[in-house]
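Below are two complexes that have chain A in common, paired first with chain B and then with chain C.
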Partner chain A sequence: MKRPVEQAITGFAWLSMAMLLFAVFSVIGYLFLKGYPSLDTRLIFGDTAVLDALLLRKQVFNGLFPAAAGTLVLVVMSVVWAIPVGIATGIYLAEYASARVKGVLNLFFDILAGIPSIVIGLFGFALAVFLHKNFSRAIQPCLLISSIALAFLVLPYLIRTTQMALEGLPEDTRLGALALGATKLQNIFYVLLPRSLSGIMSGVILAIGRCAEDTAVIMLTGVVATAGIPKSLFSGYEALPFYIYYISSQYTSPEELLTGYGASIILLAICIVLFSAAFLIKKRLTYIAFYRS
Partner chain B sequence: MNDNRIEKTKIRVTGLNFSYGGRLILKDMNESFEESTVTAIVGPSGVGKSTFLMTINRLWENIPQAEMSGKVEIKFDGQFRDIHDRSFSPSRLRRLVGTVFQKPNPLPMSIFRNVAFPLKLAGEKDRELISYKVREALTKAYLWEEVKDRLTHNALALSGGQQQRLCIARSLVMEPEVLLLDEPTSSLDEKAAEVIEDLILHLKERITILAVSHYLDQVKRIADRIVKF
Partner chain C sequence: MRSMKETIAERTFLLSAIVSSSITLIIFGFMLFMALPLLSGGKILRILSSAWSPGNGSYGIFPMIVGTLAISFLSVAISFPVSIGCSGFIGILGPRQLNRYLKKIVQVMTGIPTVIYGFVGIFLLVPIVRELAGRGSGMSVITAALMLSVLISPTMILFFNDSFERVPRSYLEAADGLGANKVQKLVYVILPNAKKGIIMGLILAFGRALGDTLVALMIAGNATQVPGSIFDSARTLTAHIALVIAADYESIEFKSIFACGIVLYLFTTAIVLGVRYLASGRRKMR
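The block that comes next holds the complex of A and B.
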């Protein structure tokens, strides 16, 4: 009686995979079919010459360039805050924390991972209000506040993947360098972390994606509909996900709605660029750790 | 025990108990090992032979749920020292007590960097000295002739026997006084094993060697003394 059950399970697994592939390709395909016609330099740069816009010589008014620049800066900043803290916390949990401390902290980080992004956004907003009242009238919802709030949002992914990657290393990998006279810290930096880079990377990818798509947090902490390219850490900024949200709820003509699809494609493209950058950095770090002579 | 024996003793183990997760593995062990000899540690699997080696280099401290009591002393510069002494850091101890594991474990880097790795850990910066020591260690481990033209190649591309000799070279580069071998030939074919046995006999002139082994004929060939677990 075992064969039919096994076959059914195999069949179900195949079916699930096929459904997933279908879903992925229909989403991306639909996006491209809809968005492709609107995708040209006018969509991104409006009436401004491309070179002038890229060199920041002229402002772009009716294009997506400021939103794309805003998203890029926002994601990079958030990840730059979150990566050191996340990885360091992951190292602490995997290598230093006692079983009891680990249990308690794991619970806390699970809770943090479960907080809806709108709540994190509200927290960011409250932080801005607090700073505004107590420190400087000049502080308002801005790029800096948004990036800090987003960093909080993605911290659990980085902590968890770092911890899992380190804990998943086999014992002989763990003991090898120690037996050669490595201190605990040397073992972590020369052997364990380089060996965990692939695992940590999956957390970084998740974090980048989450920062790029999140709308709830930035709506409460500083994104605006028109601001031009980000001028300073303390100013409002534009972002692609907010543009997509805004255009799909406020469009006045079918053509305008189509620019929303165009914006989605640009958002995807930015994510791909960031993922590639992350992979290149990982390759470079592995090279530095193991192969540089 | 006569005076001569004491004079030649390198490692002295007294009242050693070892438990893992609450299960007692080694109970009240008393043992001593003489300088410049090969001692074979034999016995069925699971009786704590590898564990015993880990008490000599304090590697057990990195195993969760492991507990040890008792005393292990090793003679360095003519003086017995308690290896658990606070002033004696584990990393310093492990530079004097080299370890080679059952499965060859080169790091995923070049042959040269593998052998130079312990020197880097010890903070050695002098490139010329490093080159010299790497060459010396590879020569001692009977590997220099085979790899001298490809030191920058990935160590993982070497054969199993070569990898194990590389690991021995890596332990030798710190010029240890004691070498712990945990079934060093069990993952190798007969020919590669023979080379390593020959190497062990050669190394014992200067180094005290404890080797866990499963093969009785190997034990007969290399051991000055056999300890049954």
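The block that comes next holds the complex of A and C.
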């Protein structure tokens, strides 16, 4: 290869890296530049006293508290549905399934992982319509439907990380307890699962991050612009990502827009902390888990 | 003999696996069921190939299919060269000390919510595109494609880097022995050996662009015409689903949304099958 061509290639690599960093830091920098004046307790609690709001003694009207509370409840509920099923499925795939069954199930979970979140949202919506027509008039898009749809969305992440963590254990770890007379189940619960805990945890953290940031699923399954603190499983609720989307098109004053920037910074911070934590716990596992070859 | 406990546990695990895998089928089944009246006769072809104008009773999703493909292809086309450059930089060309941190940054980028890209897109990118185009609102195919290319590039970079790292060490050492420099190693050893991984990364990134809702919904303008140029406004299938949802449950308009869902589902399945086919070929090669 000629020298100038080599230099051009090196130059191109530097340029690409610079472009990528420029793009990311202009997105993040722009948010902070525009949004930092909004960052104080008023952003979250509005004019209500902090303690009153936290103890639910008074309603918060012009702050992000209801949206943040909605996101929190939603994330906890979705993860509570998804974790037992996801981890149990991961254990089945890694420890029980035959090669054939595993191949078929892996295909299913690959497809499930690839389904666009809006399609899962559409499914959730259709489910609500179906239940509304056939079972109870009381059922409509609500917190419960959203959390179930979100659980479907993050299920493949949990299955993958659990399966990969278990399959990645060295053979001698696997055989030790069995050699001492432990049953297969004892081996799984006392040896294999504790050893793969960090991998499973990184999956759980990623699932939490996905639930917190997802907008497409919830906008079809029950999130609304104003609902206050979530009161029941069968009512609408507010959420941070939807609030950001809503404000971006419906803001009526510069103050409202500023709250949108503030909400974006909070959501960004939450997601970056969660994803960093997941990567810190398991350096390689996480992204390979999504795009396993 | 196996104890009760063992059997119950195995059955529970099996049941979970059946439940979670059936979700994949149930979602598709539900889409089909809801879109059922449209699937009989030649109606589905008409839906797929005609324009969207509810006023005239035409509920075709052809413009949205074109919009989706245009935005996704364009974003991959923008992001691919940059991602190759970045992964070459992180993989071998850049200073090693720096690369550890760069890789961390790219990993963390995968966690930035798409609604944030959309939000910043509206207030930062849209005005710039409006100036450049000199017409329209600035919400266009290219605006969404640019923002999406930032969204999908971490996927590509991490996947490319992973396939770079799988090139056997001995190949690189052989190249070292022949006196190859870093650029020569990248061009003659790493890239040819990582070709399959690169194609897989491309397909996956395309899938990511295809399935994203918020960026296109917020900054592509959502016009229901087939875009004539990259500065025209367009609507993607995903955005279309989000926008039409409020309609009456029994209407054809509402049912046509599920046709969008089916199209997206089939695109996804094709992508997954393609990647798996490539991956199985790679395993056989070794």
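Assume the second predicted complex is superposed on the first by the 231 of 293 C-alpha atoms of A that agree within 3 Å, B and C clash if a C-alpha of one lies under 4 Å from a C-alpha of the other, contacts with A are read in each partner's own complex, and residues count from 1 in each chain.
In this section, contacts are C-beta pairs under 8 Å (C-beta built on N, C-alpha and C of every residue); 3 or more make two chains touch, one makes a residue touch a chain.
These figures come from a predicted structure and were not determined experimentally.
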First (chain B), second (chain C), both or neither touched by A:R174: first
Dominant contact partner of chain A by residue count, chain C or chain B: C
Touching partner for A:T183 - first (chain B), second (chain C), both, neither: both
Touched partner set for A:F22, first chain B, second chain C, both or neither: neither
Which superposed partner A:V191 touches (first chain B, second chain C, both, neither): first
First (chain B), second (chain C), both or neither touched by A:Y36: neither
First (chain B), second (chain C), both or neither touched by A:F61: neither
Chain A positions touched by chain B in one structure and by chain C in the second: 183, 291, 293
Chain B residues touching chain A - in the complex, by the definition given at the top: 57, 59, 62-63, 89-92, 94-95, 98-99, 101, 103, 105, 107-110, 112-113, 117-118, 120-122, 152, 170-171, 174
Chain B partner contacts - residues on chain A that touch it in the complex: 171-183, 186, 190-191, 290-291, 293
Parts of chain C lying in touch with chain A, wherever the complex brings them together: 2-3, 5-6, 9-10, 12-17, 19-21, 23-27, 30-31, 34, 81-86, 88-90, 93-94, 102, 104-120, 122-124, 150, 153, 155, 157-159, 162, 181-184, 186-187, 197, 200-201, 204, 207, 210-214, 217-218, 238, 241-242, 245, 249, 257-258, 261, 264-265, 268-269, 271-272, 275-276, 278-279, 282
List of chain A residues in touch with chain C within their complex: 1, 6, 9-10, 12-17, 19-21, 23-24, 26-27, 30-31, 34, 84-86, 88-89, 91-93, 95-97, 105, 107-112, 114-123, 125-127, 129-130, 133, 152, 155, 159, 183-185, 209, 212-213, 215-216, 219-220, 241, 244-245, 248-249, 260, 264, 267-268, 271-272, 274-276, 279, 286-288, 291, 293
